[in-house]
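In the part that follows, the structures are each spelled out as structure tokens.
Shared chain: chain A. Partners: chain B in the first complex, chain C in the second.
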Partner chain A sequence: MSIAMTLASTIEAFNYYNLRYLFIGLLYTLSVSVISIALSFVFGSIFGIIVYEKIPYFSRWVSIAVDIVRNLPLLLIIFFMYFALPNIGVHLSIFWASIAAFTFFESAMVSEIVRGGIMAVDKGQFEGARANGLTNAQTMFRIVLPQAYKKIVPPLVSQFISLVKDTSLATGIVLPELMYRGQIIYGQNSNYMIPVFIMLAIIYFVVNFGLSLISKRIEKNLA
Partner chain B sequence: MIEILTKYFATFADGFLITLESSIIALIGSLVLGTLFAVLQLVPNKFVNRLAQAYVEIFRNIPLLVITLFFFAFVAPLVTHLGIAMDGFTAGTIGLTLYTSSFIAEVIRASINAIPKGQMEAGRTNGMTWWQTMRLIILPQAFKMSIPSLGNQFINLVKNSSVLAFVAGMDLMYQANNIAQSTFDSMGTYMVVALFYLVITLPLSYGMKYIEYRSNRGGNA
Partner chain C sequence: MTEKMIQFQNVEKYYGDFHALKDINIDINAGETVVLIGPSGSGKSTLIRTINGLEDINSGKLIVDGYDLASPQTDINKIRKNVGMVFQHFNLYENKSTLENIMLAPRIVLKRDEKENHDIAMSLLEKVGLADKSANMPSELSGGQKQRVAIARSLAMQPKALLFDEPTSALDPEMIGDVLDVMRDIAKDSNMTMLVVTHEMNFAKAVADRVVFMADGQILEDSKTEDFFKKPKSERAQQFISQIEHH
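Coming up: the complex of A and B.
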């Protein structure tokens, strides 16, 4: 194939329909990521606090469960949610199965981050709050957690970045996100392969690099 | 679940070995590449620094699946044309290596930066060249410092090697999908496969936690 032809097919690959098709894929990627990270922030905080509080027996089991989930491949969890759950009568759509899988996995990740954040808060803060007559729960929710959340912004954002990248794995259960749509486009015309890969790389790069720049900004403002 | 484990044990074991093989090759490859790009980010040459930085940022911010499929769908047919066989396993392992090398480069760069400036200055004043000081004095210390993070990267590597399933890499995940499809017992199959992954990742994870705990306590780790 001559260079002129390559150039022509490159320009042709970026036509309106392909770009719109990819853009809707990006919306899927982002909406799945945002919903999952929001849910896993809630669940992760709950698990993180439970593990930190060292409630007899209960905390230990939660901590073991978190370790097991953290050490499994995300792809396995995605397949499990979509292909294995119907065996026990739980039928999830592709969209919700991917959100369930990402939330399940990221909650475990976020819980470790939250626990680390709580542990990084100065012990004197606990003692000061308790000495001033606050209950244990008040100390945790009014004094410790706000400080912990401030500390964990950078790791949370990098977790979010890896989540955005990992949504591409949902291609395995045919979630119509960015990667899947890219494959569809170059599947129809193999001349589009290089342009599509470049486009995908650029889109993911812009989203993730942008997020990491924002994270650095926030870090500076909080410090 | 037990039935699947006993009946398909040979298949699972095959997949397990492939997963392990791919992870170890990718670990060695990405250690070499990662160290190279970490050092290139610090050599006294602005242009080289920028190039190395671009490499790291690009591979860190693009999904592993995109890199792997690029090698499988585009590069593999291209080199097959030239007479070099490239199967899913090779394409997947190359993808894993490149992706992980960017993370390892960041880990090692951070460790090099954490080493006191005086080490480099002392090396230089004793008549060693920049490269000699880096290779003989700075890097050995940096490696020791980055062992916990490198362990975590290896855990991620083992987990990420499941993308080989997308490119027919014959790894654990790929075999699991085949078995799940032929037995119709997805639940049992995926449970068994989870056990196989945990056999590698869980001990590593607890080992890393122990090393971190010891170094936090001020011991020599």
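Coming up: the complex of A and C.
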């Protein structure tokens, strides 16, 4: 195929219908990402605190579970949520099966980041607060956690950037997100393949680079 | 006044194999100022940290403000409400302003009225000479200023007793005087019980009612201040004093 033809099909590939089709894919990617990020932030924090607090038995089991989940392939978890759960009577839509899988996996990752953040807070902060009359919970939520979160902004945002990229794995259960919709477009006209990949790359880059800019902003504001 | 604020009876403390506190027996009366001295590693900090439960004891009896610390029924937070502590490294809340550092515990632990809380905090900041720093973050203060804020934070709880764990050891020499001045003022208040771990002998001479000397986890001497500095009974204490004073 000549360069002239490639150029022509590139321009053609960026037509209104294809762009709109991909835009809806982007909305899926973003909504699955945002919901999973919010949920995994909450669950990850809870698990991180539980493991840090060394509650007899309980913390140990959570810690083992976190280790197991962290070492599984994400695609396995996605397939499990969508294909296996119905066999035990749990039926999730593609959308919610994706969110369940990402939340499950990311919570384990986030919990380790949060635990590391808590451990990085000076021990004197705990002692100062406890000696000042604050309870364990007050010390954790008012003094230690705010400082821990400040320390973990960069790894946390990296983790969430990974999550946005990993939503493309949900193509495997036909979630109509960006990657999937890209495949549909070039599946109909293989001349669109290169332009579509370029478009997908640009969209993922813009979203994720935006996230890392936000991260730098937050770091600056918290400093 | 003979009400006993702090009582140690045959207290033992181990860190693994290391015997940190050996058969500690000491009473500290309400309103008394006691200075605890001794070479490093002698157990002074460990002893003072057992009083508000930052360190557990292994055996013996420790009664603080009427509460038995070894008893599982004792709510340690009740003791901590009435027993403040000032640390060598200040331990101010890094994420809170100076004023918030002082107001936080009275607000959430004592549920003190917000306006009253603010007034008390500001008057304490004035007392330690830092009213103009109320909006600053701890990272913007010098060591001496941090320590004075830490003292104000402890005082805001209106405790019965204050524990000082080497409050001037981490400070530049020119900062020490301001902190000791504040502590001197507190010691003058006859209602406040103070236990101070320090190497500042002049401070001890000036404000302490009693001096306790520790070495190797034991209390070797517990004397009236004048008696102690005139002639310490134990040889270890004599050595220690002469070392420090010829320094």
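FYI, the second predicted complex is superposed on the first by the 223 of 223 C-alpha atoms of A that agree within 3 Å, B and C clash if a C-alpha of one lies under 4 Å from a C-alpha of the other, contacts with A are read in each partner's own complex, and residues count from 1 in each chain.
Keep this in mind: contacts are C-beta pairs under 8 Å (C-beta built on N, C-alpha and C of every residue); 3 or more make two chains touch, one makes a residue touch a chain.
Keep in mind it's a predicted model, so treat the numbers as computed, not measured.
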| field | First (chain B), second (chain C), both or neither touched by A:221 | value | neither
| message | Going by the contact rule stated at the top, is it chain B or chain C that touches a larger number of residues on chain A? | response | B
| message | With touch defined as at the start, can you tell me which chain B residues reach chain A in the complex? | response | 57-58, 60-66, 69-70, 73-74, 155, 158-163, 165-166, 173, 176-177, 180, 185-187, 189-190, 193-194, 197-198, 201-202, 205-206
| task | Give every residue of chain A touching chain C within the complex, in rising order. | result | 122, 124-125, 127-135, 138, 142-143, 146-147, 150
| said: Using the touch definition from the top, list the residues of chain A that touch chain B in their complex. | reply: 67-68, 70-76, 79-80, 83-88, 161, 165-166, 168-169, 171-172, 179, 182-183, 186, 193-194, 197, 200-201, 204-205, 208-209, 212
| Touching residues on chain C, where the partner in the complex is chain A | 52, 54, 77, 80-81, 84-85, 87, 89-96, 104-105, 108-110, 150, 153-154, 157
